[in-house]
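By written order: A, B, C and D. Residues from 1 in each chain.
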Amino acid sequence: MSRVTYREAVRQGIREALLKDPRVFLMGEDVGAYGGCYAVSKGLLDEFGADRIRDTPLSESGFVGAGIGAALGGMRPIVEIMTVNFSLLALDQIMNTAATYLHMSGGQFNVPVVIRMATGAGRQLAAQHAHSLEGLYAHIPGLKVLTPATLEDARGMLGTALQDPDPVLIFEHCNLYNMEGELVEDAGPVEISHARVAREGKDVTIISYSASLFKALEASNKLASDGMDCEVIDLRTLRPLDSETILGSIRKTHRAVIVDEGWRTGSISAEISARIMENGFYDLDAPVQRVCSEEVPIPYAKHLEDAALPQAEKIIRSVRAMITGKAA
Amino acid sequence: MSPEHALHLLYEMVRIRRFEEKCVELYSAMKIRGFLHLYIGEEAVAAGVLQALRPNDAVIATYREHGHALARGVSAQRIMAEMFGKMEGCSRGRGGSMHLFDAATHFYGGNAIVGGGLPIATGLALAAKMQQQERIVCCFFGEGAVAEGAFHESMNLAALWRLPVMFICENNLYAMGTALSRSESLTDISAKAAAYKVTAEAVDGMDVMAVDAAAARAAASVRTTGGPYLLECRTYRFRAHSMFDPELYRPKSEVEEWKKRDPIPLLISSMRREGLIDDREIERIESSVAAEVDDAVAFAEAGSLEPPKELTRFVYSDRRSE
Amino acid sequence: MSRVTYREAVRQGIREALLKDPRVFLMGEDVGAYGGCYAVSKGLLDEFGADRIRDTPLSESGFVGAGIGAALGGMRPIVEIMTVNFSLLALDQIMNTAATYLHMSGGQFNVPVVIRMATGAGRQLAAQHAHSLEGLYAHIPGLKVLTPATLEDARGMLGTALQDPDPVLIFEHCNLYNMEGELVEDAGPVEISHARVAREGKDVTIISYSASLFKALEASNKLASDGMDCEVIDLRTLRPLDSETILGSIRKTHRAVIVDEGWRTGSISAEISARIMENGFYDLDAPVQRVCSEEVPIPYAKHLEDAALPQAEKIIRSVRAMITGKAA
Amino acid sequence: MSPEHALHLLYEMVRIRRFEEKCVELYSAMKIRGFLHLYIGEEAVAAGVLQALRPNDAVIATYREHGHALARGVSAQRIMAEMFGKMEGCSRGRGGSMHLFDAATHFYGGNAIVGGGLPIATGLALAAKMQQQERIVCCFFGEGAVAEGAFHESMNLAALWRLPVMFICENNLYAMGTALSRSESLTDISAKAAAYKVTAEAVDGMDVMAVDAAAARAAASVRTTGGPYLLECRTYRFRAHSMFDPELYRPKSEVEEWKKRDPIPLLISSMRREGLIDDREIERIESSVAAEVDDAVAFAEAGSLEPPKELTRFVYSDRRSE
């Protein structure tokens, strides 16, 4: 075991992949000389050279498309997009090309590309740098969408993604990069088809992912001292969603609150609620609730940004209201 | 140019022409549906350019790609079956006319997002370079695509990274109903290559011999330097943009004027002048092509429909990656 | 009253706006000389000239951005994007700029742009021309999202959208353009804040919009002959969603099926289900169900395309199962 | 150039410099948060270019826009209050350093999507043209933005439609850590304008007099012809890209070399040579600027926070459109 940050865990995952498979390379804006906008790839240029740690011009559509093409051509590119908002410039390539290639070609051409990007708010970066669009990507057939919240997943999901024959998107929450913890030195790929019960409990299930998971856990701890025992699920993978783990938990707790940094309307939390509706309705003692971001472009001012995001306090209020049966 | 090569070029152009004329019939007969974009008039481009490629090279084309697929060697049977929506189609019926794919000939489609193929071609070339493969990538697109950001970003990437891409702009003067002069402030497409330090050339796209020679130069340049090349082929679409186009945007006389430069008669007369062809030979070509086209239609007719329970197959791969 | 198609109704709406307000103009690929890719704007170039019926080069990001800029500069642009899939090329401008401008500028700069596009499948146009992404757009705060299904709305929503100070997106289903019906000659703007009960009924509520509405109505008619009385709601506007009309209907029928041509996971139908969960749970006699598109890039072959889309048959099966209490 | 104008240019540059030096302090003191991109070293560009604008002209800038906002006449108080996240800020605290807006001076922001401002500027110019307004639009962007498709699409649109846009490329040789030679195959930015038939010029961006003169030429051209102009200002950023940048990508010596061409001392020495300024005058400028900056900070400190219940205000307009 050694003490590492989430940032280092991601870097270890990249490094390991580069060492293991000569087809793997990293490309994106400032991944090389600058060391990565969130310093994830610092040092890798020196170790692997400019061919495999490939700085790109500012051309999101172009270099994401080039990553897709390189994957078609036999490489295993890891394409980094600095921030989820900029990925919209490349969404055409991701949805119209990467996600359709295999199907449109009747199974002939698969696209083993991995696209990583920073997501989320909390750093006062305002309305063009701080959204949570992983739920939007989870809408797209042909993609897989991973949202590592732990050090194990930050490191391990990348390896798993690279073994996948199809396009995989990995969303790293910008507020997690500095999170520290213990990680075994030879931590390898992790499975990505199951959600994880991050905390066992019996009174209510809190379903979350990415940085919001820690707000859910914080809320659970406070609620525990009030005698409310929450089960907390880390979804880990948003597409395909592991409905079974969610439904299994609800069969036990009969209540659920979903915590999601995405804007409420049309968020992945809506999908989860709908699935519980369809498959867990008769297990429910109370309607499923959502704690999401307010429907607003993320504002700069700290107090407004805080007010826009799901917070432990809001989760607590929602759980409490559900258990006591009083409106939140 | 050798007589055989000239004959081959003629044969390829006639194949494309007759194949597509049949497609029109089949569209009216409702055997083919969706969008159908005809290449008629532009055959010299695909026929000429693809001569410069080797088996391992890769091709990226647009939604107007019957000609490229045929000239690249994708079987006419499987192309026709695709347009019939049959399992035996080159995309198992999932793609249709706009999305022909064929792994065996490295035919990477069939992209119907205008400009969308350029970054993909750039990436394929990057993969070839990083793996030190003897491969160049040939990327077709219309002059309309030049206005898209994808053109700009891809030209720059390919030049900056010195990637082996042969960019082939099929300048047929219109993007749907939009004339070149209403889509580009500078209408000289090949001149734009200078903004990326890319070597470029413009060629008469109705003269298949000229295209063939220019493509050979382009391919040689890409193979030797490892860097990109832009070849602008000046051509013309004789038919409507697609089957839905009332052609309000150009005078019939303009079309007629261009038809005088129809690449097939053009080649035939030049071959005749040099005594390389006679009527018997032309008939032989026509009947051989007719047989291939009939055979393709029969194959497509005889094909089967993918069972609907297979609908979601190929959304993801069945297997894990190696 | 006169007999018109949906296409003509849209054209009338555009024409009326052009006649009424000199700030209005139409821009997009082939709106002029070609007459519009779905022939919507045929004839308008002759009537209004190339300045106001403005053909653009193939530059979705550029001309949508220019439309936003022109709106900021005092014009009232109607920007046409040929097909929803191509709108992804402009999504950065729509989400990062149009939707954020007013908020980011603290209320100083509003963006009165209207963006129209064709959406939906059913014409064998395959995986890059046939998706239904209006639900995805409905996720974005700062936008309004309209989905006219009737002739009145096809014509009237445009006028209303142009009166709106903020960006409005209008999705016209490509399969509706040929739909014919009667429309009063001076039909004007329509209100856009309410859903419409397209058919009254008491046994189950079918919630739908755009072209799917007609499948819902078809299903209702068949179900009526079996004695099942469906209420059918035409949502009309996806953002902001009119939850009240939905919940009101459910208070009466106690059952709901949502029909949506979007891919199931993360669709707008998920949002509707989640809202019913949150606000109508105790009114429900059975869990809300969804009939959506299969999660697949739309295939070319007719039988596969049909299998991918919501069909009356599937709606009937879902309603029947819900009412009889047997699994669909 | 008149002595008054030279003094004014100096004053503007010093204002920007001192204002930003204060920002650095305030960032360390955690009064300012988020991303903070400093313009220090590049002041001659904003100060020089904005002289060419008239009150009704419109400005679009990037996330590195303190200088442009100040030189355009947005109040230092309101800019500072914005960075403090206060209601009195020029974007009511919602934008921060990257999103300064001001309707009164037609300052349209503050766009933090690289290249994202170019289409908007093009559209503003289209609106001006269609309404026959006497207005040009001035659009700032970095050399890194030139690789984006938005540059290509906007240049073409502006040229094709003959729109009054002054495109100002601030070529500071780096896009974050990416040197120009690693982002562009052709590093001569102004030469790219030829691909769009746009008139262009490159100017020494450290020489405010030269910038001022070039901008005057550019603006005159745009006003007379009604069409676009590309002005490339060759400059250098003295500080890190943002407060998080360890500057691994360039040698300190390179920065030192460029600092010898610091636009402020450069102007001062040239003014001294011509006897246009003395130490007293410089002191007067410095103290006047210091007062303005202090006043801005005091204003920001005294400002209030928007009540959180107002969070979702301005997602949509309160009123209907006229």
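Going forward, contacts are C-beta pairs under 8 Å (C-beta built on N, C-alpha and C of every residue); 3 or more make two chains touch, one makes a residue touch a chain.
Keep in mind it's a predicted model, so treat the numbers as computed, not measured.
Asks: So if I look at the partners of subunit B and the partners of subunit D, which chains show up in both lists?
Replies: A, C
Asks: Hopping along touching chains only, can you work out the least number of steps from subunit A to subunit D?
Replies: 1
Asks: Could you work out which chain's C-alpha centre is the most distant one from the centre of subunit C?
Replies: D
Asks: Centroid from C-alpha atoms only, then distance subunit A to subunit B, rounded to Å. What do you get?
Replies: That gives a centre separation of 40 Å.
Asks: Whole-Å distance, subunit B centre to subunit C centre, using C-alpha means?
Replies: 36
Asks: What's the distance between the Cα centroids of subunit A and subunit C, rounded to whole Å?
Replies: 30
Asks: Residues of subunit B that contact two or more other chains, please.
Replies: In subunit B, 91, 93-95, 99, 111, 113, 116, 147-150, 153, 156, 160, 182-184, 312, 315 touch at least two other chains.
Asks: Scan subunit A for residues touching two or more other chains and write them down.
Replies: 57, 59, 61-62, 85-86, 89, 92, 96, 103-104, 126-128, 141-142, 295-297, 299
Asks: How is the touch graph of the chains shaped: line, ring, star, complete or other?
Replies: Topology of the interface graph: complete, with all chain pairs in contact.
Asks: Any idea which subunit A residues touch subunit D in the complex?
Replies: 29-30, 32-35, 37, 39, 42, 55, 57-62, 85-86, 89, 123-129, 294-297, 299-304, 307-308
Asks: Show me the residue ranges of subunit D that touch subunit A in the complex, using the header's touch definition.
Replies: 33-35, 82, 85-86, 91, 93-96, 98-99, 111-116, 144-145, 147-149, 175-179, 182-184, 241, 245-246, 248-249, 305-306, 308, 311-312, 315
Asks: List the residues on subunit D that touch subunit B in their complex, please.
Replies: 147-153, 155-156, 159-160, 182-186, 191-192, 194-198
Asks: Under the touch definition given earlier, write down the residues of subunit C that touch subunit D in their complex.
Replies: Touching subunit D from subunit C are residues 23, 25, 51, 56-57, 59, 61-75, 77, 92-93, 96-97, 101-110, 112, 141-142, 144, 163-166.
Asks: Per the contact definition, I'd like the list of subunit D residues that touch subunit C in the complex.
Replies: Within the complex, subunit D touches subunit C at residues 58, 89-95, 99, 101-103, 108-111, 113, 116, 118-128, 130-131, 149-150, 153-154, 156-157, 160, 312-321.
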